[in-house]
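We just call them A, B, C, D, E and F in the order they show up, numbering each chain from 1.
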Amino acid sequence: MSTTPLYSKLQKILAAGHFGVTSECGPPRSCDPKGVEEKARMIGDYVDAINVTDNQTAVVRQCSLASCIRIKQMGYDPVLQMVTRDRNRIALQSDLLGAGSFGINNILCLTGDHQSFGDHPNAANVFDLDSTQLVQTVKKMRDEGKLLSGFELKECPQMFIGAAENPFADPFEIRVSRLAKKVAAGAQFIQTQCIYNIPKFKQWMQGVVDRGLDEKVYIMAGMTPMKGVGMAKYMKNRVPGMDVPDDLIKRLSGVPKEKQAEEGIKICIEQIQELKEVKGVKGFHIMAIEWEEKVPEIVQQAGLYPRPKVD
Amino acid sequence: MANSSGKKKKGAVLVVGAGVAGMQASLDLASSGYLVHLVDKSPTIGGIMSQLDKTFPTNDCAMCIISPKLVEVGRHLNINILPNTEVEGLEGEAGNFQVALKSHPRYIDLKACTACGQCRQVCPVTAVNEFNQALDLREATYMRYPQAIPRGFTIDRNVCIGCGLCEKVCLAEAVHYDDTAKEFSLDVGAVILAPGNEIFDPSKFDTYNYLNLPNVVTSLEFERILSASGPYRGHLMRPYDREEPAKIAWLQCVGSRNINACDNSYCSAVCCMYAIKEAVIAKEHAHGNLDTAIFYMDMRTYGKEFEQYYNRAKEHGVRFIRSRIHSIEPEGECDLRLTYADEQGQQKSEVFDMVVLSVGFEVGKETVELGKRLNIDLNRHKFAVTDGFKPVETSRPGVYVCGTLQGPKDIPQSVMEASGAAAGTSALLSESRWTETRSLQLPPQRDVSKEPPRIGVFVCNCGINIGGIVDVPAVREYARTLPYVVHVEDNLFTCSQDTQVRMGQVIKEKGINRMVVAACTPLTHEPLFRETLLDIGLNKYLFEMANIRNQDSWVHMKDRQKATDKAKDLVRMSVARAALLQQLEEQKIQIQQSGLVIGGGIAGMNAALNLAQQGFSAILVEKGTELGGLARCVTHTIDGMEVQPYVDSLIAEVKAHPGIKVLTESEVTSFKGYKGNFTTKVRVGSSLEEETFEHGVVIVATGAKEYRPKEFLYGEHDGVMTQMDLDEVLRQRGAGNGNDPAKWNRAIMIQCVGSRNEENPNCSRICCQSAVKHALELKKLNPAMDIVILYRDMRMYGLLEDYYTEARRQGIIFSRFDLDDLPKVESNGAGLKVTFHDHVLQRHIQMPADAVVLSAATLAANTDQLATQLKVPRNAYGFFIEAHAKLRPVDFSSEGIYLCGTAHSPKLISESITQSLAAASRAGSFLAGKTLSVGGAVAHVDKSHCAACLVCVMSCPYGVPKINDENVSEINPALCQGCGVCVSECPAKAIQLSHFEDDQITVEVHALLEGAV
Amino acid sequence: MNEVFEPKMLAFLCNWCAYAGADLAGVSRFQYPPTIRVIRTMCSGRVDPLYVIEGLKDGFDQVSVFG
Amino acid sequence: MIIAEPKPIDEIIDSLKDFNRILVAGCDGCVTVCEAGGMKEVEVVASALRIYFKQAGRAVTVDEISLTRQCDRPYTAQLADKIDQYDAVLSLACGVGVQFLAEDYKNKPIFPGVNTCFMGGTEEKGLWTERCQGCGKCILANTGGICPIARCSKRMLNGPCGGSSDGRCEVNKDIACGWHLIYERLKELGQLDRFETPTDPKDWNTSRDGGPRKVIKEVSRL
Amino acid sequence: MSVVEQLLDYSGIGRKRMALRWVSAAEGQIFADTVKELTESTKELGPFDAQAYNLQLAAVERVLQGPRVRWMTGVDLHVTERGNVYGEKVDEQAFRAMFEQSLKEEYEKALILEVLGDGPSSVREMAGKTGLPVYTVSLRLNDLERRGLADLQKFEGSTPRFVRLAA
Amino acid sequence: MRLSYPTNVKIVKLPCSGRVDVVHLLKAFEDGADGVYVAGCLEGDCHYQVGNLRAKKRVAYVKDILDKIGIGGERVAMYNLSAGQGPRFAEIAREMSEKIKQLGPTPLRKSGGSAKGVKLTPGTTKEEAA
């Protein structure tokens, strides 16, 4: 694993060989200061770092950076998610500088959902950089102390650099190469797309291990518990790049409606247990969408609690 | 080559009977360079097809597709139509016959008659209208149907009382009561008999009560009921009370497949399909949910894509009930009760509103007499005797036969036979081609392109047809005021001979260079007036016609003023367009006098041989190492003809003919050009060298193959074989080898293996007769042998029915099975056992058998590459698609390419031979023209505006436009069909269609609406 | 019907024969019922069958033509 | 070629309704080929305009012409002797043509009759698709001849996003995933190794420079 | 005049309501006798109710107005006595039979046309109003359609309704 | 058959309905037609294979234009019929006449407008073109 300095709590836990646990919270669609606070408080003690989404699904929300600052001030370790859809390289770098100034040490570099899915489908997109190039940019700022233009920074952002990866998207054969590409660009940890199809994930992981990538990057398996069979079907049919096997839907529809949520949590926990055994899996990123209150339960029952302490 | 008497053969042919077969034979021959005398005893040509509503399996309107043929026959310079004429006798020999003929008086002079119809309007006498099958009436002066050719009336002397009124009203002075019968004789080289059949008359049966119950009709009556020009104008109604029926039954095999005193034992071959068609069309016509039921014995939908038609009918809800109905009982005031036993033997009874008797064909008494007079042999069913390998030749050399006199058959089969007979004739008389034909001698055309328009307008009174409604003098005077008009006149009949002469004078005197005729309709008369222009040396495109009769006076009889106003509008429109008309030149292109025949089976060889005998050269390309094709697997035909000696002699003849170049182990590698001038590269023989051929036509005869079954233990057990395998076993036995079928105790045959199922919904047509043929042969070998044929419908169509009857007589067992309960074949050590459901016993039966013979489907040969090279279409099952299923059964829609044999669809050897001769005839009649006129009303590109955008290339339905070396679109006038789609699509407006240029169209619109805004 | 029925009758008479005959009846004083009304035509051939019907329509009980 | 589509006739009428002498000018170039602005479209639009003005009770002249190209001055100059007779011109050329006319005839209002869409080609008759956004720095060499800028909904330069499935883009199932195509093509060419080299942030200055971009080919200049 | 007799018979009015007699200029007595005789026979028939025979009279009138009957009466002698255009004499009886048949048909058609004058009608309705058999109506109607005097107006369910067309 | 139909229907003969151009239809309206219809062969029965389907699309296109410029798309129509359907032709003529009668005369006629135009070529002046 990389020998660079350890910038964040998350990085330290992973470096110490523990399973890392992260979760995410989506900022509110208003100026309400409480939203993020409450969610962070709910999960803060059960995870190592909290991701804050950046206008997820291209819907306008409180800005990720502001929410991260709030979480940092509460004493937790935030992961700043940043998409290239809305800002060009000038704005992205400026935000990175701002984040650095607040001691935010984790970043997840994303391209972002297409604006046509969000609430402003007529907006112009930017896509000046893509996610890989954003990883390159952060690395350049951190390691070379330079902006993309070559301008030398007096103080650099100290970032543990992450990227996302979807092991299930098409073409499947390219997914490992694409991971390699992001690693080559400078990604240190990967949070994956929600995993439901365990065999296919294992197949991907095998490819990752075969190329030795698991030695170069921490892979955190993305987990999202199902609230019911409706959600499962929606994810399967409507959410791009999502692979929900039929037997999972069958299992959920096999239990009464009021028990489905419970069953969903149960499945999630079983899967975490199973993935712990998979070589290369270094942690879990639990995305309980608008269901953050269940994160503690999942973390506990998956045997990931209490969280290790590092300094 | 002269015949035995040393005289040169005559280049003229007598065709007897002007139905669809007679017309086709005449057209082929007349275009091939022979003078044709087309004789029909009726006053018009067209035959029975003109009476049909729609035709299966395409549901085309019969009149729509036959009427262009009628017109073509009527106008052909080398077809001499002799209506009301009968053949009295025939002397002489092939090549030099003398025919004695007798013409019955018509009482109306065809040269003078304009078919205006005034005589009919006044005729006080009525008679039943045979054309509408006596469902309505006609007058004693009549035309059989509105589209009839020759276009002229006739007086029916049987009913005319001689009152003289028609003569009084006839302004054309065409009525001649002193007309008399004329006897005369003609010298011809050959005779083609196509007199057709009659419809079986069901009044011979009292059980059907046909004469007493108005709602019992024959199928031909029902055709008339459905027809838009029929007695009910195409509305589905029953005769008794003109109510729309809610339930109609069809009774099949009325007069066919029975050996009662008054029946015929053969199958009439067409009734199953027409009954299905009538049921489907009736359902389409009905306002409510029409219930249709067809009572049948075997559904014989054996033709190309017929089975799919049958399946679609089932989907449409047509009921098919396997039962023969004995009698029809009246029920209530006018309904009809049918009592029948269903397949389970249960007695049932159902009431219908209407019953259609699917009546069969029979050879009429007069035809039998004719046969005697001409000294040709007729068989026991009174059909002409032909040799299976010479299917269009009668027993008398030089006398050919086609159509239903040869045997019951449908339209395409008749058309093929007609062309086949023409091919035979053409080969016989080729030395005398173009010796008796007439040709037009035209003066050179005057170039008027630099002259300003000088328009002559001729307004026709059409007797009183126009003048009685429209104020013709007013229209004439109005025309005088229009721009560029230098001459106007009105005529009693503008189309009369004297007016044509006058027109010529006026054109000369006044220097007229555009002509407008306001009269009946361009559909019938434009060619006439164009000819008048040609006679006087004007380009035929400088003519325009205003339709002030068919689309004005006749349809607005009630409002004379408005009709006159409209006539003025129409004349204004025509004059405006005429001013913009331009002379168009047609070019002559030489036609290569040779044909490329692809496929060296029986069909290909016959086609090549006939072409060569016609005097053209032929290149015969065969993929295999030897000629012969699939026929090599057939020992003899069902009527006992030995196939192998025939094939051997055919091969010898083909190889010996100096006009044929035979290429074996050869394949077409590239193909380009257009009709008349194709260039084909052929990889020849094992040397793989390429040879290039230039030729005028192509005949595709690539054949078919037998399906190799995957079912019924085929290939797993030696006792399971196909019919073709059995043929081989029988042949080996003859040579003293192998398994001896004479020792078999029981053979079981299974029909429809690989046919009529989901994978291949087609019927393979020939397997029923193969099974019966082999069953009879096995019986002969060992009369004690049990033979069981498991079938779905025994499709022993036409005269094949005789063999089916014989097979049953000999104790061969026929047992029917359904697709959802297929027989099961199991191995039983060295033997086999077969389990099947018996419909009579209503239970499954198991039988041991020494052999199981599978009647395997006939499938299309692999022609992917060839079809792509020739750009000719194939259906979903790989058979080639002809230009028109009915009337152009051997042509492809791309001109100059023809089709025959099993590449078209499965068929018998005799049918393949017929079709190959037909293809050779079509090809020959094209080649005989020597040159090809192209141009005229075709699209042309203005290079300077062409953006080479490819829009024309993409939108042309015929794939004609190409971007050429100059980087602009080029449209070959020889290939352009003149539809104008590219013109309307061209985004740069760089393409125009001659004679229908944009300004020529918009000026019409503009003139029509002049002053509207 | 109480009244004695007196039919109303119409006759078309040919000028040359029947009309002359009727005149002659007068000259000879031959009596006949007063039920008849006479219309003279120049020839009975001129009597259109339609006239018969017109007569009946107009209420005559009988119409005759004398030639 | 440049692909354009005809503007809805009501929008055209809206811009021209106050004029009395109108010239509809087509272009025989790209817009002819994509059936948006050639002589045929000129006739159609002009005819529709005349019908509109007639029914509106107006006496308006609508004349028709089509120029070889409206993106070259010698051709636009062909209007010089005619333009004074009109008080407005409807150009059915692409945006270039409209602007050239506007520059050449400063005192005449020139209106666009088509929406200029993109550079593309004819997929089939009546269907045109985009291939190039004219970014000014071609990277096709590294992407198997398939442009991710024109073909990927997110202009991604380093591979597909996670949203595509069955080779279709997450934005619209009718669109092929550009990167899927690139991947397939590279695989076929045996150049998949090219894929793993990260592409650096792109120099967009050739695409998003200030004002109209210029192309200068010195050797061609006079 | 036998035409009229025939038609009066068909219509149910009866041929006795008309007469055709030959009286020469010299036969005053015969004229008087005839009138007497006719008056007697008419008295026996009773009064004629023209109202009740409205339809029939109109139909007879239509027949007589129609060209066909007029022409046929016109050619009567021509073809039976003097010889027709072919120079042959048509057997008088045969001619008569044909003529009567035509007359009957014309009368039936006229009746149908009269009924149709009251508005669209089905075949069965026409049969009811004219008193003709259904099938006869069907056959005659067909001839009317052929001659452009009647036409199908529309289908009401499975029942077609026919209308009269102005000649 | 001599079926009658209204006299106001005027016919322009074309080799195939596929030859009907959008411009022809528009010109007819421009010249003051109240309604225009194209009568082609039955679908699937085009003598020239697909001409009638092309015509159908063009009629739909003109309909849209007419709707947008306030003439009304219902003034143009496409009908399909075969050569044997004389009665159907008369029926269509009546039907279309009836429909147009209900719509009233084309607005062009009552408006008194007089829009004109000529087709120019780059090389000629307007005077020459006219």
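Just so we're on the same page, contacts are C-beta pairs under 8 Å (C-beta built on N, C-alpha and C of every residue); 3 or more make two chains touch, one makes a residue touch a chain.
Predicted, not measured: the structure shown is a model, and the values here were computed from it.
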Contact-richer chain pair (by C-beta pairs counted) among B-D and D-F: D-F
Label of the chain whose CA centroid is most distant from the centroid of chain F: C
Length of the line joining the C-alpha centres of chain A and chain D, rounded to whole Å: 41
Chain centre separation (chain B, chain C; CA means) in Å: 68
Centre distance in Å when chain C and chain E are each reduced to the mean of their C-alpha atoms: 22
Distance from the mean Cα position of chain F to that of chain E, given in whole angstrom: 50
Where chain B touches two or more other chains, by residue: 233, 558, 955, 1013
For chain D, residues contacting two or more additional chains: 40, 43, 54
Residues of chain D that touch chain B when the two form their complex: 28-29, 32-33, 35, 38-41, 43, 54, 66, 122, 124-125
Complex contacts: residues of chain F adjacent to chain D: 21-23, 26-27, 29-30, 65-66, 68-71, 106-108, 111-123, 125-126
Residue ranges of chain B in contact with chain D within the complex: 945, 947, 949-951, 954-955, 986-990, 1013
Residues of chain B defined as touching chain F within the complex: 60-61, 63-64, 67, 146, 227-229, 233-234, 522, 547, 551-552, 554-559, 562-563, 565-566, 569-570, 573, 937, 955, 957-958, 977-981, 983-985, 993, 996, 998, 1001-1002, 1004-1006, 1008-1010, 1012-1013
Touching residues on chain E, where the partner in the complex is chain B: 67-68, 71-72, 74-75, 78-79, 84-86, 88, 90, 95, 98, 102, 105, 122-124, 127, 134-135, 137-139, 141-143, 145-146, 152, 155, 157-160, 162, 166
